[in-house]
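Shared chain: chain A. Partners: chain B in the first complex, chain C in the second.
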Partner chain A sequence: MTEPEILNLLKEAFAFAAPEEAEAAENLTLEGTLDQFGVSSIVAFEMAGYIEDKLDIQFADDELAQISTIKGFVNLIRQYTDTKVVV
Partner chain B sequence: MPANLTHREKMYRAYMEFFDVAERKRRWHPFNDIPWDKLDPSQNTEEKAICAETFCGVELYVPDYTANGFNLTRPIFGHAWFQANWGYEESKHGLTFREYLVRSGLRTEEQYAEFEQKIFAKVWNLPFHTRRQMSCYGALQESATFLIYRVQLEKARQEGDEVLEKIYSYISRDEAAHMGFYIKVIQFEMEEDREGTLADLAHVIYHFEMPGVGLIPEYEERLAVEGVGIISQQFLQKGIFPLLKAVGTSRREMVRTLHQKKSKVPKVEALSLEQVPLTVVG
Partner chain C sequence: MSTQQEIAVSYDVANDFFRLWLDKRMIYTCALFEGTDDLETAQVNKLKWFYEAVRATTDKRLLDIGCGWGGTIEFFSQEMGVKDVTGITLSRAQYNEIQAKSIPGLSVECVSYTDYQPQEKFDGVISIGMFEHIATPEQSRAGKHISVYRDYFRRAWEWTNPGSWFALQSVIGFRVPRLRQDVQEIGWVTSTIFPGAITPRLEAIISSVNPYWEIMEVKTRREHYAKTTAEWLRRLKSHEDIIRQRWGDERFEEYQRYLSACMMAFEKGYQSLAQIALRRID
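After this line comes the complex of A and B, so read on.
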């Protein structure tokens, strides 16, 4: 997946996890922290679940807990999708 | 919901075990067991004062915590007697922080009295409706508090602050024991009604806020001081995820439950004598 595709997926996940923040979800960019965009740890938790279901992957809890920036989240998703073997 | 006989027996045994360990291994005296003679004004910092004062403020709501807790737990001996013991232990924490602030010279008696007056001007009310939800809340809140106090303990050790090291050592040990009891309660609840307990746990996690929100004066400003709160990522990694594992569930199952039961039950708003916007810690 490309970075823009992953960012779009994150926007989708944010809007799903926090529908009241739909406008903020559209404004997500690669720069900035989760806190700056109003993504609380619990919302990030839900976003991760949404993305795992969409991409059929499972993040390790420890790695997920380390994420504090949008870029970090994108990189984690790339790590799991780039290494996924498609049979 | 009234508890059945099996649940009552489990709670009784859990409390007796908790009480026995507390009496044999955890009791400490705020005046005799803290090395107050080792207080060194040269080690005083405003950051230490703000941390201790904030923690003290939270502990000072013990009358509200226990009154509300008793109302919920009264029908179950083991749970109600835990509430009584919990109240005693938490009251000691507040007393110890109070002594530290004044004995260290970080706060005068007048400054402390003014702070205490502001605390008692507000009332803490239950953030959730039921005994089961409040047990979930208790587990999370004790976990966060334990983690915060452990960081303070490590800091005191590194700085050679013997007084704070002893204070945070005793207090964090108590909080860990409290967390352990609440985890047992959740485990019992999961055995009785897994679906309902998961729904309650998801609801509480989703709406969780530390008790100081809206009650402690200048709370947002205090959170800017390192060590007063806990970073979200740390709470997830060291608090929430281990808790989920301990009670027999997982992050994936919790997220599924969150999606199924999102915000169906309104959170009880905390009463206060002045309107303060509520914010999430960290």
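After this line comes the complex of A and C, so read on.
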């Protein structure tokens, strides 16, 4: 997946996890922390669940817990999608 | 460590309340449903696992940290013939229950492990379902939990003779929930039923035994705790009328919600249960 594709997926996941933050989700950019966009740790895990279902992957909890920036989230998704074994 | 006030919220509701829905020994921890669907038998299975894991013999001095209403130490003393068994608990209600029985060879103290000073060393330690009270949620969030757990293992090491074993059981965090509602239910259980407590992750326990104890065996029993809490919930519901009458609607509904949340957490794999046999590093 390309970086813009992953960012779009994150926007989609954010809107799913926090529908009341639809506008903030639309304005999500690579620069900035999760806090700045109003992504709490609960919302981040909910977003992760959405992405896991969508891409059929499973993030490690400790890696998810360490994410503090949008860029970090994108990198984590890329790491899992790049290494995914297709059977 | 959870404070005495926090422990009272969890365990001092009323002994007769817990008696209605726990097994006859009032063991308030995961049972071992191996070859049985019966809670009473499953709790005995668990106690026997601990008897083996701590390498108990009748002549050994054993300590139970967080001994509950004394079901485990009473079983060791009365049914397995261990002559010298000590339990410590921070719950006054539990302490009073055990004291009232006056069982020879069995002693109990109402004290936190952080203040406990045994007169004589032990040959083995067990601790079932108490580890969750050692670190506070604040200590865990600040990353201080490992050092708190290590201090607990150091104390147990200091209280024991060379050659001792330590058999431990704790709920462990397994997979972080992705659904907000599930996160909220688990959070509600912690803050309402077990304030001051937090479930450790298995790797946190593993990290903190060093340099005092060697890990000899680890078992996880997630399905067994789902089954245990399901049985507790069934029993609770079967006494709904009397519970509502004696302890109020709110208490019944609170415990119904709590046990349902536990079942959900174990069934969905958010939480699991670990039994660990440790050998003292001499």
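What we mean here is this: the second predicted complex is superposed on the first by the 87 of 87 C-alpha atoms of A that agree within 3 Å, B and C clash if a C-alpha of one lies under 4 Å from a C-alpha of the other, contacts with A are read in each partner's own complex, and residues count from 1 in each chain.
Note that in this section a residue touches a chain if its C-beta (ideal position, glycine included) is under 8 Å from a C-beta of that chain, and two chains touch if they have at least 3 such contacts.
The shown structure was predicted, so the numbers you read here are calculated from the model rather than taken from an experiment.
Model built by superposing both complexes on chain A: chain B and chain C clash. Counting the residues of chain A touched by each of chain B and chain C gives the higher count for B.
When both complexes are overlaid on chain A, the residue A:Ile67 reaches chain B alone and has no touch with chain C. Contacts of A:Phe45 after superposition on the shared chain: both chain B and chain C are touched.
Within the three-chain superposition, the chain B stretch that clashes with chain C turns out to be 254-262, the only such case among 110-118, 218-226, 254-262 or 272-280. Common to the chain B and chain C contact sets on chain A are residues 42, 45-46, 48-49, 52, 61, 64-65. The part of chain C that touches chain A in the complex is made up of residues 175-180, 183. Residues 17, 42-43, 45-46, 48-50, 52, 61, 64-65 of chain A are the ones touching chain C in the complex.
Those residues of chain A lying in contact with chain B across their complex are 35, 40-42, 44-46, 48-49, 52, 58, 61-62, 64-68. Contact residues of chain B toward chain A in the complex are 205-206, 208, 232-237, 240-241, 251-252, 254-256, 258-259, 280, 282.
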